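Chain IDs A, B and C follow the sequence of writing; residue 1 opens each chain.
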Amino acid sequence: MKFPGIVIVTIVAGIALLAPEIAVAARINELSDSTFLDRTVRFFTFRDPSLRNALMGSMLLGICCGLMGAFLVVRKLSLLGDALSHAVLPGVALGFLWNMSKDPVAIFVGATLVGLLGAATVQLLRATTRHKEDAALGFVLASFFGVGICMFTMIQNLPGGNKSGLDKFMFGQAAALGRSDVILLAIVTALALCAVMVFYKEYAITSFDAGFARSLGMPVQIFHYSLMLLLAFAIVSSLQAVGVVLVSAMLVIPAAAAFLLTDRLGKMLILSAVFGMVSGGTGAFFSFVGRNLPTGPFMVLAAAAVFAVSLFFGPRHGIFSRWWRLRSRSARISRENTLKAIYHVLEDEEFETDQVSGRELAERRRETLEEAENELNTLRRHHYVTLSSDGGSASLTPEGWQRACEIVRNHRLWELYLTNAAHIAADHVHEDAEKIEHILGEETVRMLEKRLNYARRDPHGRLIPGLEDIQFAAGRHTVPSRATGFGSATN
Amino acid sequence: MNDQTNSTPPPLEVHDLTVAYHKRPVLYGIDLTVPKGSLVGIIGPNGAGKSTFIKAIMGLLPISAGWVKVFGKPFRDACHRVGYVPQRESVDWDFPVSVMDVVLMGRYGRLRLAQRPTKQDREVARECLEKVKMLPFANRQIGNLSGGQQQRVFLARALAQESDMYLMDEPFVGVDAATEAAIITLLRELKSRGKTLLVVHHDLSNAREYFDMLILLNMRLVAFGPTSEVFTPEVLQTTYGGRLTILSDVVQTLRTQ
Amino acid sequence: MVQPWTADFSITLWVVLMGFFVTAACGLVGNYLLLRRMALVGDAISHSILPGLVLAFIIFKTAATWVAFVGALAAGMLTVLIIEFIHRQSRVKPDAAICIAFTTLFALGVVLMSMLEGTGSFHIDADCVLYGEIAFVPLEPPAVWHGHSLGPPSALRMAIVLAAVILTIAVFYKELLVTSFDPGLAKSLGMRTGIWHYGLMGALALVIVSAFESVGAILAVAMLIVPPMFAAQLSERLPLRLVLTVFHAAASALIGLHLSVWLNCSAAGAMVVAAALLFVVVWIGSQVQRMMHFRRKLPDPRTEEVRVVGAST
């Protein structure tokens, strides 16, 4: 099965994702005066004030981006987040030019304005040209970013423009977060949290079905634009720590991880914020421990690790979980097929005996004796049969009878339904019934029986065990009567 | 159903065709053989799988069970004998191609890799455009056309393929009356030349007069035969009336597992 | 204005030529990306090839171009595979899958680069990754052939790539056309659409990695999208659009160079700005034309008949 392969790949990928971080941190520390352990301790005891800022800021931005990102993911706007985060670069440069210094307010205002300009440009392009969504987003992304790079390099070449300050905006440096930056982040996060909590149901419905919301009289556009504004705030305030190129990752990856773990928007928002916070913190940790390496990539890799775990091991939708369920289902189907075969063997002998030998089973199922005996053993473990003293033959327990009858009934009912109601040729229905027999629920069976007027015979003329037959059989310990196949069932 | 006087294989033979894909409706155990030279309408309610049927024949959708034979061979080997007219919105009408470019595409099946369309190909394309009365528009970009005109371009493209069997997906949707009349005349002319035509159709009101045979589809084959025989209230009721809710519910369960 | 040309002709010339080659090659490939609505996949792949380049360098211990190409191709294919994997195996939608794939790979690349930075053996640093330093191109020792100095090697390589792109488009024009326009028809005609799709991805990787070396990710991505959009504003015929793309490339390179001299900024960035400005100019032109069109009130053939959208299945 290719599954073990996938598991191995996950483990390798997980190690691969985290190993570089650890390696870098460890190696770089050989060159420094403090050891890895030292710095880890320093990290967790929060002695450094700059460290406190960095950590605080990183976790706040994780929450903020996680919240906004959740809406991006459910509205299928992930690439808008990407475009906007690249497009704000000229705004950052403008903000810097305002005072020739890294003034957080100026940068915030400049970046937000340019970001909104970018969003407006996308709309304008869509409205006035035949270009598609991806082209418009791509254009804004690339051209605004190009303008930004122009301005950055211009500033670097000016007297007074220093390279390192602006470089941090590319890949992020949480250590460069000052107190005012953290306060800004706190405000933005609080704003986002408030907005989402107060207007939760409005945001939810406009994300899910905007047309319907509009028909209810809701001002859908206002909610959309407010979300875009909050998104712009989140992006701009996170720029310093994560970097322009990778902000969209912090928006989308924690949210996607949350998306795979729950079916409810509310839970998704909470999980997304938590994952964002954890990724942010982890990124700050590795960056600090590694003596101020860029934070952005580490945050993203941490988030990606969380996503990978969610993708593979998420309880409901995880790849591994699905595989596991499939496996148990296959096992169940295999057991049921054996039960069915036992029933058929007994039916052929018109229920004269209730013992089925391994050899008969093997013949019926066209397999080896060993395989048949294994199957009987499996059934015994599940208490569907009891084995004779020499292990060569088996008889059904009440539960075994019940399940066997149910399966056979399902199969025959379904064949009858397909031939009568759906007019499918009699020779086509068998394979289909082989699949369907295992999944018909009791309610569906009641409906089928009613639809087919409680027919007693399938298209091939064999008896369809009815409800009383099964209940009766379940209570039986001895062989059913020959005439009808069952005890007191009426014809 | 199949009584050919000669031993050539029928244009289309389908056995136990079952298609299950994503969230679209499923097709269940379809069995039919289409005789040569028939003009067949495929009708059924929305979501019944009519387009799916056409696409499955051409291998555009995967088949879960059963098989399809086109002129006695699998579709891949006989694809050059089949012309396809898709639904109009399957294509990006802003694409920078002219009407002539689109019709020429119908000839690509005959050209080798990297071979350019020849003069003869262009001649054929021109004739086909003439037949659908679109020659004056040959150099216009396809977005600048009305619905009826776009449909005619598609038709011209299919004609340019010079196939023996044509599969058409709702060619009459959103076209004006004049275009509709022109299309049906063209189809009848093709039929008189011995071509086989399968047309997914959405409008019951004219199904009877347009087609000599009908396939009635609702996830499974409800009926197939000459129009006069199958276009009856009982059959229509079965096709359009009660959906097989149990069938669709169970199929849904199967798919979500 | 003329100063760059008089002061140092050959340097200026090669910068402009390199910019032209890169922009033209990206733009031509970009036309097909745009037609197939894969513009952002192009953006994604140009970010995600970074770890491929770095890993290839680590494994083969050389920064030679063919090594870079192999690494980039592998990374590009890996990106596409990851996107498909995430999309097929889970409920995550394609747009989010694209974002996750390329940002993760890019982050990986940056981290790997930081590992190497300390050792000083990898010659590309973060800035170069993003916007390169096209000014370095003319400073490379020129390639020599039969005693003639031909010019900087990366420019020559890019010229060859451009020629290859032009040749491929010319030879396989109709295959590229029909698989982009109507894949359903293409398949029903017996064509293998998958091959053309992955072929296009391969061409994309080739073009980007050749450009990346000297001009960085920005120029590459921008030039995948902006020249085709420019051409689309001016023409509704694909062959003409392809030609216009090349002209746009030349104009952007030239104007961009002068812009960068004037503003004293990155040449690659300036070329992108020039490209975008050219687009804005033609966009304004088309809007003005539209307004005049309305004034004259010509009948629009489309308004004569009703277009019905959303047929049933």
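We take it that a residue touches a chain if its C-beta (ideal position, glycine included) is under 8 Å from a C-beta of that chain, and two chains touch if they have at least 3 such contacts.
Please read all numbers here as calculations on a predicted model, not as lab measurements.
Q: Would you kindly say which chain has the C-alpha centre located farthest from the C-alpha centre of chain C?
A: Here the answer is chain B, farthest from chain C.
Q: When all chain pairs are ranked by how many C-beta pairs they have in contact, which pair ranks first?
A: Going pair by pair, the biggest contact count turns up for A-C.
Q: Find the most central chain, measuring centrality by the gap between its CA centroid and the centroid of all protein CA atoms shown.
A: Closest to the centre of all protein C-alpha atoms: chain A.
Q: Could you state the distance in Å from the CA-based centre of chain A to that of chain C?
A: The computed centroid separation for chain A versus chain C comes out at 33 Å.
Q: Taking each chain's centre as its mean C-alpha position, how far apart are chain A and chain B in Å?
A: Result: the chain centres lie 39 Å from each other.
Q: Where in chain C do residues touch two or more of the other chains?
A: Residue numbers touching two or more other chains: 232.
Q: Which chain A residues sit where two or more other chains touch them?
A: 130
Q: For chain B, which residues are shared contacts with two or more other chains?
A: 143
Q: What residues of chain A sit close enough to touch chain C in their complex?
A: These residues of chain A touch chain C: 16-17, 20-21, 23-24, 27-28, 31, 72-73, 76-79, 81-82, 128-132, 134-135, 137-139, 141-143, 145-154, 157, 167, 170-171, 245-246, 248-249, 252-253, 255-256, 259-260, 293-294, 296-298, 300-301, 304, 307, 311, 317, 319.
Q: Could you list, by residue number, the parts of chain C that touch chain B in their complex?
A: Touch residues, chain C against chain B: 35, 171-175, 177-178, 180-182, 184-191, 232, 235-238, 241, 301-302, 304-313.
Q: Applying the document's contact rule, which stretches of chain A touch chain B when the two form their complex?
A: Touch list, chain A to chain B: 130, 329, 417-418, 421-425, 428-429, 431-432, 435-436, 439-441, 444, 447-448, 451.
Q: Using the touch definition from the top, list the residues of chain B that touch chain C in their complex.
A: 24-25, 46-52, 55, 58-60, 76, 79-80, 82, 84, 86-92, 95-98, 101-102, 105, 108-109, 111, 113-114, 116-117, 141, 143-149, 157, 161, 170, 173-176, 202
Q: Under the touch definition given earlier, write down the residues of chain C that touch chain A in their complex.
A: Going through chain C, the ones touching chain A are 34, 37-40, 42-43, 47, 86, 89-93, 95-96, 98-100, 103-104, 106-108, 110-112, 114-115, 118, 126-127, 130-131, 218-219, 221-222, 224-226, 229, 232-233, 259-260, 263-266, 268-273, 275-276, 279, 283, 286-287.
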